[in-house]
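First chain A sits with chain B, and in the next complex the same chain sits with chain C.
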Partner chain A sequence: MREFVEVLITGFTIGIVYFLVAVGFTLCYGVGRVLNYSYGSFFTWGAYLAWVIAVGYAKLNYILVFIIVLPITFMMGLVVDRIIIRPLRSRPEFDFSVLLATLGIAVFLDNLVLVIFGARTKSLPEFLKGSVSIGGFTISWQLLTMFIFATVVAVALFLFIAKTRTGQSMRAVAQDPTGARIVGIPLYRIYAITFGISTMLCGAGGILLAPRFFMTPLGGWTFLVKALIIVIAGGLGSLKGTLYASFLLGVLEALVGWKFGLLWVMPAWFIVLFLVLLIRPAGLFGSIARKA
Partner chain B sequence: MSAAGNRLPGDRPKALGLNRQTGMSIGLVVILALLPLAVGGSNYTMRLLVVSMIWGGVALAWDLLLGYAGVFNLGQVGFFALGAYASAMLSENAGLNPWLGLIVGAITGGVVAVLLGLPSLRLAGIYIALLTLAFYEVLSPLLSVGEAIGTGGKRGISPITPYTIGGYTLTGDNQIPWYYIALGLFALCLVVCYFAINSRFGSSFVALHDSEQFAQSLGISRYKVSLLIVGLSGTLTGLMGAFYAHYTGVVSPRVLGLEVFIYLVIMVLLGGVGKFPGPAIGAFIIIFLSDWLRQFDRWRMLIFGALVVIIVMVAPRGLMGALDSAQTLYKRLKAKRRPEQGDEKVPS
Partner chain C sequence: MLEVESISTFYGEFQAIHDVSLQVPQGSLVSIFGPNGHGKSTLLKTICGLMKPATGVIRFDGREIQGLPTHKLVEMGVVLISEERHLFPEMTVMENLRLGAYAKTARKKEKENFEFVFDMFPKLKILSKKAAQTLSGGEARMLAIGRGLMSNARFLAIDEPSFGLAPILRTQVFEQIVALKNRGLSILLVEQTTGDIAERSDYIYLLEDGRIAFSGDKDQALHDDVVRKVFLGIT
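Here is the complex of A and B:
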C-alpha cells in the first residue's frame, strides 16, 4: 500500500513535467499553427546542454543550469522560427511544408547531438540526494525538487499568458490572426515568441526528466510521441484536457513501469489513447479535432 | 510530346497514351530490365538496385496519399513493417510458403491501413499526421514486447526462408532472380499507382485534394475515397514489406527506426510530391547517394536532415517540379522567338 502511494506520487510528478512538454506543443499549434515535429529534439538539446553544464565541462549547480539552458533553448526556437518556419508561412500548403521541414530539423538537430556528443548514453545526476518522509511516506528530494520546479514553471507560464501584454497578444492571435493584426499586434513577432516559449518548455522538460531516463541522441522522439498522445487524448487545443491527460498518463506510466517494466509503458499509453478515442473521438475535452 | 504545360487544371491525360508519366515509367522499367547486363557481375550494385526498387514502390504508394489524396499519413513504414512481419512470422512459425507470404503481407498492410484509417480519416488533415505518427512510434515497442505471438522481440525474426522457384532456392550469391522478382513488384506498383491516379477514382481524390467542397458537391465522399486509397497504398506497401523480409532474411523493430522513415521522406520529397513517378526516381537517387555518403559516417543523417529542410524551402516539388519549371521556361522562350521569325518573313 505504501509503495503504491509512492508510485502514485511519482506518477503525479512525472505528470506535471509531461504537462509542461505537452502544453508547449499545443501552444505552438494553437497560436502559430505549427505542428512542430522537431519538438523532441529540443527535449534532447535541453538535456544535453544541462549535461554539458552540470557534468561534462563545468560542474555548476542546477539553478544555474536552468538559468543558462532555458534562454539557449528559447533562442534556438527563435532561430528555427526565423530562418525556416517564417519563410514557409506564405505557402498555400503551409501545413504540409512545415510538417516536412520540422521533420528535417528534427533529424538535423538529433544528429548534431550525435556528432558532437557521440552515441554513448549519458546520464544526469540527481538534483538532490536523499529523501524526506512526509506523513509516513518516503519521497526523494529529487522528486520533490522536480515537482517544485515544474510547478513554478507551469504557474509562471499561466501568469505570463494571462497577465502580460505579450501573453494577451498570444491569446488574441490564437483566436483570430487577422483580427489581431488589425488591432496592431505584430503577428510574426508573436509567432516567434510562441515558438521560442514552446521550445523552452520542452527544454525544461528535458532537464527535469534527464535524471530519470538515460539520454541518447534519438531519445527526444519518445517525448515527442508522448506529447502527441497526451495532446490527442486530452483533446487538441484544450488546456484542461492536456492537464488531465498528463496526470492520467503520468500515473499510468509509473504504475505500469512498477508492475510490468518500462518496456510496456508506450504500449499501455497507446491502448489508453485508443480507448479514449473510441469513446470520445475528439479526446477527453476536445471539440475542435474535426475539421479545422 | 508531353502536354503537361498546356493542360487546363481540370484536364487529365488520357490513361493510355504516351505522356510524361507513362513515358518515364516505361523508360524506367526498360532500363531496369536491361541494367543487369551492365552490372550483373557486381552483386553489390545489384543489391542496391533491388533495395531501391523495394523502396521505390513504397515511395510511390506513399505519394498516392501525400501528394494525390492529401492524406498526411506518417505511418507508412508501419504498414511496411507489418507486411514484413506477417509474412516472416507465418513462414517461420507456421511453415507458410514464402510466395503466399507476399499475399499475406499485402493483405496485412491493407487491413492495418484501413483499420488505422477508420478513426483517423474522420479527423481534419493535419491531425491525421499526429495519430499516424503515434501509431508508427508505438509499433516498435509493441513488436519488441510481442514475443508471445512470435515477433521475436527486440532481435526480430532471422533467418527467414527465401523463395524457391521449382526446387531452386534463391540465395544472396545470385542476385539475378531476386532482381527480377523485385522488378516485377516494382512494375506492379508503377502500374497500380498510375491507374489509381489516372482513373475516374483517381480524379475523384485529386478533386478532393484541390477543392474539397466542390468535389463533395458532385457526390464524392471524402471519407470513402480516402479510406479506399489508404487501403490501396497500405496493400502495396505491405507487399513490398513481405518481399523485403524474405530478401534480407531479417526483420526486426529496427526497420521502424527513424533512419528508414527519413529516407522515405527524402525519396518522395526529392522526386517530387504528387509528381508520379518522381518518388520512385527519388528512391534510386537516395539509395545510391546514401551508399556514397557512408564514408561520412555520423554526418550522413545530419546531411539528410539538412537536405529535407533545403528541398522543402527551395524546391518543394522536387526534381519533377524542377522539370516542370524548366519545361514552361523552354516553352515561353520558344513562344517568344516565334513571332520574330514571322516578322522577318513578312518583308521578304
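Here is the complex of A and C:
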C-alpha cells in the first residue's frame, strides 16, 4: 500500500512535467497555428544543455541550470521562428509547409546534438540525493524538487497568460487573428513570443525529466509523441483537458513502470488514448463543434 | 487627411480593386456605396493594412502608409471596424472593449472612451460580463463598433455598420456616426444601400466592379444617372 501511494506521487509529479511539455505544444498550435514537428528536439536540447552545465563542462547547481537553460531554449525558439517559420506565413499552404519545415528543423537540431555531443547516451544525475519522509511516505528530494520546479513554472505560465498584456494578446490571437490585427496587436511579435515560450516549456521538460531517462540525440521524439497523445486525449485546445490527461497518463506511466516495466509505458498510453477516443471522440474535454 | 491614389489590390490572380483614388478630408464623413462583392470591403482592408495594394499610394496626414503593418496604423489612429466583426468569442464584452484600447495612445484615454462607448450603447454596459460568443447579431455589431471606438482613432473605416441591425438601432448608429464626425473624426463608411446615411455624408463614391463609377456630393448623386440606376432603380 505504501509503495502504491509513493508510485502515485511519482505519477502526479511526472504528470505536471508532462503538462508543461504538452501545454507548450498546444500553445504553439492554438496561437501560432504551427504543428511543430521539431518540438521534441527542444526537449533534447534542454536536456543536453542541462548536462553541459551540470556535468559536462561546468558543475553548476540546478537552480543555475534553470536560469541559464530556459532563456537559451526561449531564444532558440525566437530564432527558429524568425528565420524559418515567419517567412512561410505570407505564403499559401502555410499549415502544410510549416509541417515539413519543422520536420527539417528537427533533423537539423538532432544532428547538431549528434555532431557536438556524439551518439553515446548520457545521463543527468539526480538534482538532489537522499529522500525525505512525509507522513510515513518516503519521497526522494529529486521528486520533490521536480514537483516544485514544475509547479512554479506551470503557475507562472497561467499567471502570464491570464494577467499580462502579452498573455491577453496571445489569447486574442488564438481566438481571432484578424481581430487581433484590427485592434493593433503586433501579430508576428506575438507569434514569435509564443513559439519561444513553447520551446522554453519543452526545454524545461527536458531538464526535469532527463534524470529519469537516458539522453540520446533522438530521445526527444518520444516526448513529441507523448505531448501529442496528451493533447489529443485531453481534447485539442482545452487547457483543462490537457491538465487532466497529463495527470492521468503520468500516473499510468508510474503504475505501469512499477508493475510491468518501463517498456510497457508507451503501449499503455496508446491503449488509454484508444479507449478515451472510443468513448469521447473529441478527447476528454474537447468538443467537435469547436471552431478551428 | 487620408488620400488614396490609384491603388489596385489583388486576391491572388483576381484583381478586386482597379486604380481607385479617393479622399477623406479632415473631419468629414465620406461614404462608399456599391453592390455586394464589388470591392468595398477590400478597399477598406487595403487602407487599414489588412491587405497590401499591388500599386498606388495611400497617404495619411501626408505620410505614405501603404504596406505598413496594421498595428503601426492603429497607433497612428487609422482603425477599421470590420463588417465581419472579428470579436474575441471567448472573452467578455469588457475584455473585448479593453483590447480595443490596445494601442499606447488609446490606453491613456481608456476611461474616457469607456464612458463614451457606454453612452452610445448603454446595452453594452449591461452585457459587460457576458462572453462575446453569446451575444445576438445586433449586440455583437454594437460591440464591434464600440471596440473600434475604444481605439481613440482619428480616422475610422466603418464597414457596413447597419448590417443586421434593427431599423431603430440603425438610425441611432447613423446618428452616432455623425456625432463622431462632429467631434472631429474623419470617417470613411461603406454601405450597400444609400438610404439615410447618404444624406448625412459630405461626399459620396460609388464602387462598381472595383472601380469608382461615380463621385460627388449628395446633391450630385441624386441627379446622377448611374447612381439613380444602381441604387434608386430610377431610369
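Everything that follows uses one rule, which is that the second predicted complex is superposed on the first by the 287 of 292 C-alpha atoms of A that agree within 3 Å, B and C clash if a C-alpha of one lies under 4 Å from a C-alpha of the other, contacts with A are read in each partner's own complex, and residues count from 1 in each chain.
Basically, a residue touches a chain if its C-beta (ideal position, glycine included) is under 8 Å from a C-beta of that chain, and two chains touch if they have at least 3 such contacts.
Just so it is clear, the structure is predicted and the values come from calculations on it, not from any experiment.
Contact with neither chain B nor chain C is seen for A:128 once the two complexes are overlaid on the shared chain. In the superposition on chain A, contact of A:55 is made with neither chain B nor chain C.
By the touch criterion stated above, A:281 is placed in contact with chain B alone, chain C being left untouched. In the superposed model, A:255 makes contact with neither chain B nor chain C.
By the touch criterion stated above, A:272 is placed in contact with neither chain B nor chain C.
Comparing chain B with chain C, more residues of chain A are touched by B. With both structures placed on the common chain, the touch criterion links A:112 to chain B but leaves chain C unconnected.
Of the two partner chains, chain C is the only one that A:179 touches; chain B does not reach it.
Of the two partner chains placed by superposition, only chain B is touched by A:104; chain C is not.
Comparing the two interfaces of chain A, the one with chain B and the one with chain C have residues 291 in common.
In the complex of the two chains, the chain A residues touching chain B come out as 35, 37, 84, 87-88, 91, 93, 95-97, 99-101, 103-112, 114-115, 218, 221-222, 224-225, 228-229, 231-232, 236, 263-267, 269-270, 273, 277-278, 281, 289-292. Those residues of chain A that touch chain C in the shared complex are 168-169, 171-172, 175-176, 178-188, 291.
Residues 48-50, 69-71, 74-75, 79-80, 82, 84-91, 95, 99-100, 102-103, 106, 147-148, 151 of chain C are the ones that touch chain A when the two sit in their complex. Contact residues on chain B toward chain A in their complex (touch as defined above): 66, 72, 119, 122-127, 129-131, 133-135, 137-138, 141-142, 144-145, 258, 262, 265, 269, 273, 298-299, 301-302, 304-309, 312-313, 316.
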